[in-house]
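A, B, C, D, E and F are the chain letters, set down in written order, and residue numbers restart from 1 in every chain.
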Amino acid sequence: MNAPLRRLPDAAPSLWKLDDIVRDLRLAREQWRAAQHRPLESGCREFPSREALREIVDKLCGALFPMRLGPPDLQQGPGEDFYVGHTLDSALRSLLDQVRLELTHVSRHDPEVDAATIETDAVAIVRQFAAALPGIRIVLDSDVEAAYRGDPAARSVDEIVLCYPGTLAIIHHRLAHRLYRLGVPLLARIVAELAHSATGIDIHPGARIGKSFFIDHGTGVVIGETAVIGDRVRLYQAVTLGAKRFNVDADGSLEKGAPRHPIVEDDVVIYAGATILGRVTIGHGSSIGGNVWLTHSIPPGSFLTQAVSRNEVLEGGGGI
Amino acid sequence: MNAPLRRLPDAAPSLWKLDDIVRDLRLAREQWRAAQHRPLESGCREFPSREALREIVDKLCGALFPMRLGPPDLQQGPGEDFYVGHTLDSALRSLLDQVRLELTHVSRHDPEVDAATIETDAVAIVRQFAAALPGIRIVLDSDVEAAYRGDPAARSVDEIVLCYPGTLAIIHHRLAHRLYRLGVPLLARIVAELAHSATGIDIHPGARIGKSFFIDHGTGVVIGETAVIGDRVRLYQAVTLGAKRFNVDADGSLEKGAPRHPIVEDDVVIYAGATILGRVTIGHGSSIGGNVWLTHSIPPGSFLTQAVSRNEVLEGGGGI
Amino acid sequence: MNAPLRRLPDAAPSLWKLDDIVRDLRLAREQWRAAQHRPLESGCREFPSREALREIVDKLCGALFPMRLGPPDLQQGPGEDFYVGHTLDSALRSLLDQVRLELTHVSRHDPEVDAATIETDAVAIVRQFAAALPGIRIVLDSDVEAAYRGDPAARSVDEIVLCYPGTLAIIHHRLAHRLYRLGVPLLARIVAELAHSATGIDIHPGARIGKSFFIDHGTGVVIGETAVIGDRVRLYQAVTLGAKRFNVDADGSLEKGAPRHPIVEDDVVIYAGATILGRVTIGHGSSIGGNVWLTHSIPPGSFLTQAVSRNEVLEGGGGI
Amino acid sequence: MNAPLRRLPDAAPSLWKLDDIVRDLRLAREQWRAAQHRPLESGCREFPSREALREIVDKLCGALFPMRLGPPDLQQGPGEDFYVGHTLDSALRSLLDQVRLELTHVSRHDPEVDAATIETDAVAIVRQFAAALPGIRIVLDSDVEAAYRGDPAARSVDEIVLCYPGTLAIIHHRLAHRLYRLGVPLLARIVAELAHSATGIDIHPGARIGKSFFIDHGTGVVIGETAVIGDRVRLYQAVTLGAKRFNVDADGSLEKGAPRHPIVEDDVVIYAGATILGRVTIGHGSSIGGNVWLTHSIPPGSFLTQAVSRNEVLEGGGGI
Amino acid sequence: MNAPLRRLPDAAPSLWKLDDIVRDLRLAREQWRAAQHRPLESGCREFPSREALREIVDKLCGALFPMRLGPPDLQQGPGEDFYVGHTLDSALRSLLDQVRLELTHVSRHDPEVDAATIETDAVAIVRQFAAALPGIRIVLDSDVEAAYRGDPAARSVDEIVLCYPGTLAIIHHRLAHRLYRLGVPLLARIVAELAHSATGIDIHPGARIGKSFFIDHGTGVVIGETAVIGDRVRLYQAVTLGAKRFNVDADGSLEKGAPRHPIVEDDVVIYAGATILGRVTIGHGSSIGGNVWLTHSIPPGSFLTQAVSRNEVLEGGGGI
Amino acid sequence: MNAPLRRLPDAAPSLWKLDDIVRDLRLAREQWRAAQHRPLESGCREFPSREALREIVDKLCGALFPMRLGPPDLQQGPGEDFYVGHTLDSALRSLLDQVRLELTHVSRHDPEVDAATIETDAVAIVRQFAAALPGIRIVLDSDVEAAYRGDPAARSVDEIVLCYPGTLAIIHHRLAHRLYRLGVPLLARIVAELAHSATGIDIHPGARIGKSFFIDHGTGVVIGETAVIGDRVRLYQAVTLGAKRFNVDADGSLEKGAPRHPIVEDDVVIYAGATILGRVTIGHGSSIGGNVWLTHSIPPGSFLTQAVSRNEVLEGGGGI
């Protein structure tokens, strides 16, 4: 219930010196563009849209799991296929727009790439992405089953699809990874960050992850770009599969893309808070205890736990 | 500013071979349903809706704290009760729909449960839930006061209700826990995950938590299904109250529901990153230091901190 | 597809005993207000709105980075300035409303503060905030460049603005910190919590942070109210810059506002999971290894890493 | 830019005497319900929803004319059928809900109608409605062609589907008429009023209208419940096909449903503002001039125009 | 599916010469303001909002007829009063904002009206408006009953409230007329135009209308500002109760507000298209036939119909 | 409050025989396309969007009248120009998309029109449209003044801009007419129908209308494509400026585009319900009375009124 001021002071229109701020912000942009060697004439610079990708992924989730992530009133039968077909068609068409944007942005300084090439490439990317979806659904089913087997609190596979943040993260990852491999890493990264924001699970779309993968709780998990994870691996919250150090080129800039994250073989369990750094290998069937800090490879069948001596118990008194 | 293609290639309609993908996705679903023993004829399979529960919880938050989480133009006086009454009525009615969905889903293979039974049970659950709300408000007030006393950065109790993620998490938990105990654990879990996604605080709805509870910062906190927490307990970010191991039945499947998480008695403080695993008891008045790793019980009044020797300081040189 | 009940039981209108619950909730509110010494007659108690601040920050993001966070169809040229000017004007006007609400709330018991004073103060605050925006953009550009230099997975500065949660967090922080210093700490806190919820990065708006700041991954980072961070500092996920203990006044209540968080000098790197507590100083150019626990100052150029002896490797057998 | 009042007068909460008004409104409702013999215990009284029907009709329009009234990015080919199938399925499911509501409302005092009967009837109604849609599309195509042939300003058949209010009105009517004949006249009426509000064309859903029907401009057209219109009829704005008088029963109440509106045979044109009242017949091939007032039948091939003598021209002076 | 242009021509940013158009539009505004004697410094000029009034009226409709125009899931019983109370409170609070805007605008050149006066007046207006609502409901009930009695196509009183445009128009009018009489004619006019746009029925809010009023079909009805209508009057579509001529002041400008529209006494029926102009009186119990043109008073009990001779029937041939 | 059916009949998935209906609708479409000679391979057939044009016109209204039809919190001063510039830029960009769609559709069978030609033409059209806006604002100001002078019920020029349907109609018309003349008649028609639906005023975008034009009440007004209206003309509701008959080509199809509607010279007033048909001229300064029917030219200064003899007054008895 607001009572408007009846008469603003005479200087009202320049309350914020709007013209000055707009000018200074323009100067700041020009300074940045000059520093980045981005001339004004580069014209159209539309970027892929986080919001558009959010809608695309929502639709793909519905198309992959129509009876659980699709519309609430859907029923099994012919209606299911109509829903899947229409939703896919709409999602793929919108994805094609986003793919075009990334390809256009990437090649904006390349005189040899014309619009026709981009169009051909974009259609090819989306077509391959579309063809991969049934396979993705099958692998996701293995992930859901792994979660059901791995969590004593889970009551049904449906609960896992509906509620588990780990499920949300792995659906996003399997879609993002496909985009990453098809040559649209920026789209892939945006999809990954949608899951990161919703779940606290940060999986770089470059990471390669086998089937029957399960992350429980998940907040704080970080999996790096070149990590390789086998089948039937289970992670808990705050596990890091990171890089130990970054290599620097002869000219002092970071070497990008080199393998620098762990290889985790089949049937490994990594408990909460464990940190594994560098291009090390965790042999199959190993188990890494909570909060373990690991920077070297371990052989198959290893069981690693942190020393028990690290806590001092001060019973009955004393400050922290 | 998009220039539409004027003429798509002749094959345009089959850009994605839509028919094939829809068919393959249907085959993947059928394969899954066969593996899960879910015949087609099971008919109506509507699940509780995350979106519906989000709206229900938002309304309940408004009804519980009308002047702070209700509509911005509300004023104290008769309008307050009208708002509370209408908002509650609407939220409870919508909750009744969701309760029906869970009960229907759970009993879908039980020939002895008919629609009338479900209706009676659903109404009873919502009625008991409704009756519990004033008590929940009183306990939440104790939580807010505990936060104000426990955080030197807090300026007012209002700031705590409006801004603190720990407040959001505990409101959701106290509602979810009630749903869990009334026999709708899937609804409870969805409510808990709403808070988890918004705050990074993951409290299983089964956990029992006393009054005057405060979580500061909160990201990465995990509290397991069978944890029991006393009055006036304070936690910081990344604290885990987890299970040490899972018991396996005679037939090799996980034993579900057994007590497997810590008991934290009254007046305990647990600092950031501490991990407490298994059905251990933290005696009343104890204090657990940051990053401590604990898998056994400790008596009342304990002060536990991790050994100081673990860091090597390498001053003035050397790689990491 | 729901079939409505045709006839509810006679007692339908009192399914929830709505009158009783509304009365009990009112009693709970009155009990709380009495305990908080908040008489009914205090009248208008509107609080700042999280939703309004979310829109304001979204607009400011667009005005600061129009071609990347503004509307997708914007183009360089005169349209850019019109967009920036209009968006700023709208955001600042809305911010003025929120500033008024906080000032009014804070001074509601102060008979010497009248509406004219609040108006004058509110306009002054927003004017100074507006004038600071071009400088904030320049510092944010340094942050973006730091991220590009610091992350081998980053492909372009644009990707960093569009995708990186660390970017989102630092934009929010630099805006929130300005609000904090201008005397509207509740607004500042709400802005900080918007970023916390979206990214898992919890930076108190009081923290002072130099230029070229970069947080990678970020989930679980906590930076306290009185922390001071120099230029070119880099943090990874789950780093805590916290307080060691809280001082208590002579009357037993917490001493609020005293310096209690670390000082991090220029060119420091702090790896994932490190915890630094208390008013200690990390000398310039130091590097703090992952999971390090630190409660004392270290000189410039230190390289700190945790002891390697803490993990027990149990190869080839045994339980955890 | 509103400056909130800092302190409302003490009586603020009772600004409107809210309790009194609510009580008086309740008394007014009770008085009405008593007068209508509607006891409180009648329980559930949900009505069909105008908003739900608006969405249903929008979806049906899309399913009938997918490339013109469907989503803008749709393309011919398999995607078209998927869109049509999914949209129909969703619309029909929602329509089933609305049909149930009308049937439930109508039979609320009939002890012999139970929920199972209503369900069976509702499904039968929607099934027949669905089966009629392809035929409706074919008749609507004849209407569109008639408009193209009949309006010299029309440039293409597409313009007629996209822009002409007469098209909107006849699509709504053909759907509403089918609902009317299937026994859900209240739904039919709501659909008719949606078109009336959007176009100013008021066709009672009971009216029977042949193929190739065209209304140009349309504002003010009224066609009554028992009107019968042949093929290839064309109307202009403000034409009324109304009742001359209403018959009264022996007990003084209106006789409802008796034929009381005109019969218009094939190939008739009725120009703007003509009024035709009563159960008269306009013989095939007739033409009725603008503003004509007609209350008796005319034979086939008649050309009716109003007398030219009715205007007095007062050239060069005088008041009106 | 749009393919973006990859490179716009160099002149892209000035596609529209945006700066010039903005400047010319500013010049046009300045020219207009100069002509209207509206100096720049007049400051805050916020107008009442059509959108806000639409929401207010929607809420008032719900509060007046909760079970028919309120939320679909409402039930009789205590929930009804809570809904009514909350909805009213919210609507009245929003109306108070709009009343303030009109009073502020009207008195913007009056140095004797200050903000406190406006506040007092605004609260008084809304309070009186609120107190009138129960009476308005009772009169509206009489209107609904009149419609049911007057239309042979009406099946139930509920259909009339839900579907009839005449009902929508009279609800709006009775609210608008109250606002008009309370001294906020601009708000009243906006409310009237909301109904006009939705129904084609144009009733000036100044018109005084008795109880049991019914307009059937309604499109094109116009009722002027100073019209006076008795009880139990029934109108059909396209009836005009207008002014015959406008009086001009000594200085040549229109004389505003003088009685210039018809007085229609009790129990009159006016059929479609009739036009009655000037301050004439239609005696009680009269009946005015369709398309009648009337500019003089007629005594009670008159039956007026237009001459039958006006149509020339040209059977069997001839052009129009 | 809906109780879902627990088990649908076995045939549930084929409740509507969805496959059959989809197939029959496809056959109906194919039949139509064959009849219209529209082969499947014509590919992309996106049409201009009514919804997009509604948003464009809303933005243009705001840019033309920023303080009255722009955002409610706008203030005079620099913010006004920023708003106008940004809103225009956004509206024009969106209009460019729509212009492309119409040009593409129109030339879809013309092998000589390629995408570059369309792009050039579209930009030229939008540029000319943009340049015309300041002039349109000036003419609209004359219309607003004419309304103020012409309506004794008008209290201020602001009320006229905010409330009068005639204002809404003429704003739409002046924009639509410009689009019509620039060669995008389908866009023009959609804009005209937006106004028609909202106001009941149907002005074909081809009509040429001079300055200071005022339509009062307006419902039912129809102005044809080739009508020519001078300056300072005033119309009332239900006035028709229509065609008398349509000419037919040698081959029997309608002759499109020929002048067939009236010419109304300067300073003419036409009262409610008057109908003027054919290419006749109403001489300047004439006045046409209500309900007059006119199909021939009249000289300047004519005063035309309908004969008073047409009503039969039957006082004191008799049926209608």
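Criterion: a residue touches a chain if its C-beta (ideal position, glycine included) is under 8 Å from a C-beta of that chain, and two chains touch if they have at least 3 such contacts.
These numbers were taken from a predicted model, which means no experiment stands behind them.
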{"item": "Centroid-based (C-alpha) most distant chain relative to chain B", "value": "F"}
{"item": "Label of the chain whose CA centroid is most distant from the centroid of chain A", "value": "E"}
{"item": "Distance between chain centroids, defined by C-alpha means - chain C, chain F (Å)", "value": "51"}
{"item": "Whole-Å gap separating chain C and chain E, where each centre is the average of the chain's CA atoms", "value": "49"}
{"item": "Computed distance of Cα centres, chain C from chain A, in Å", "value": "23"}
{"item": "Chain E, residues touching no fewer than two other chains", "value": "1-5, 8, 12-13, 18-19, 22, 40, 43-44, 46, 73, 75-79, 81-82, 84-85, 88-89, 93, 119, 200, 219-220, 238, 273, 291, 306, 310, 319-320"}
{"item": "Chain E partner contacts - residues on chain F that touch it in the complex", "value": "1, 44, 63-64, 66-68, 72-73, 75-77, 80-81, 84-85, 88-89, 92, 97, 119, 123, 126-127, 130-131, 133-134, 137-138, 141, 149-159, 162-165, 198-200, 217, 219-220, 237-238, 244-245, 272-273, 290-291, 306, 309-320"}
{"item": "Of chain B, residues touching chain E in the complex", "value": "1-5, 8, 71, 73, 75, 78-79, 81-90, 93-94"}
{"item": "Touch list for chain C against partner chain E, complex", "value": "8, 12-14, 18-19, 22, 75-79, 82"}
{"item": "Complex contact set, residues of chain A against chain C", "value": "1, 5, 15-22, 24-29, 31-32, 35-36, 40, 42-50, 73, 75, 105, 185-186, 189-190, 193, 196-197, 200, 202, 204, 206, 219-220, 222, 224-225, 238, 240, 242-243, 246, 253-258, 260, 271, 273, 275, 277, 287, 289, 291-294, 298-299, 301-307, 310, 319-320"}
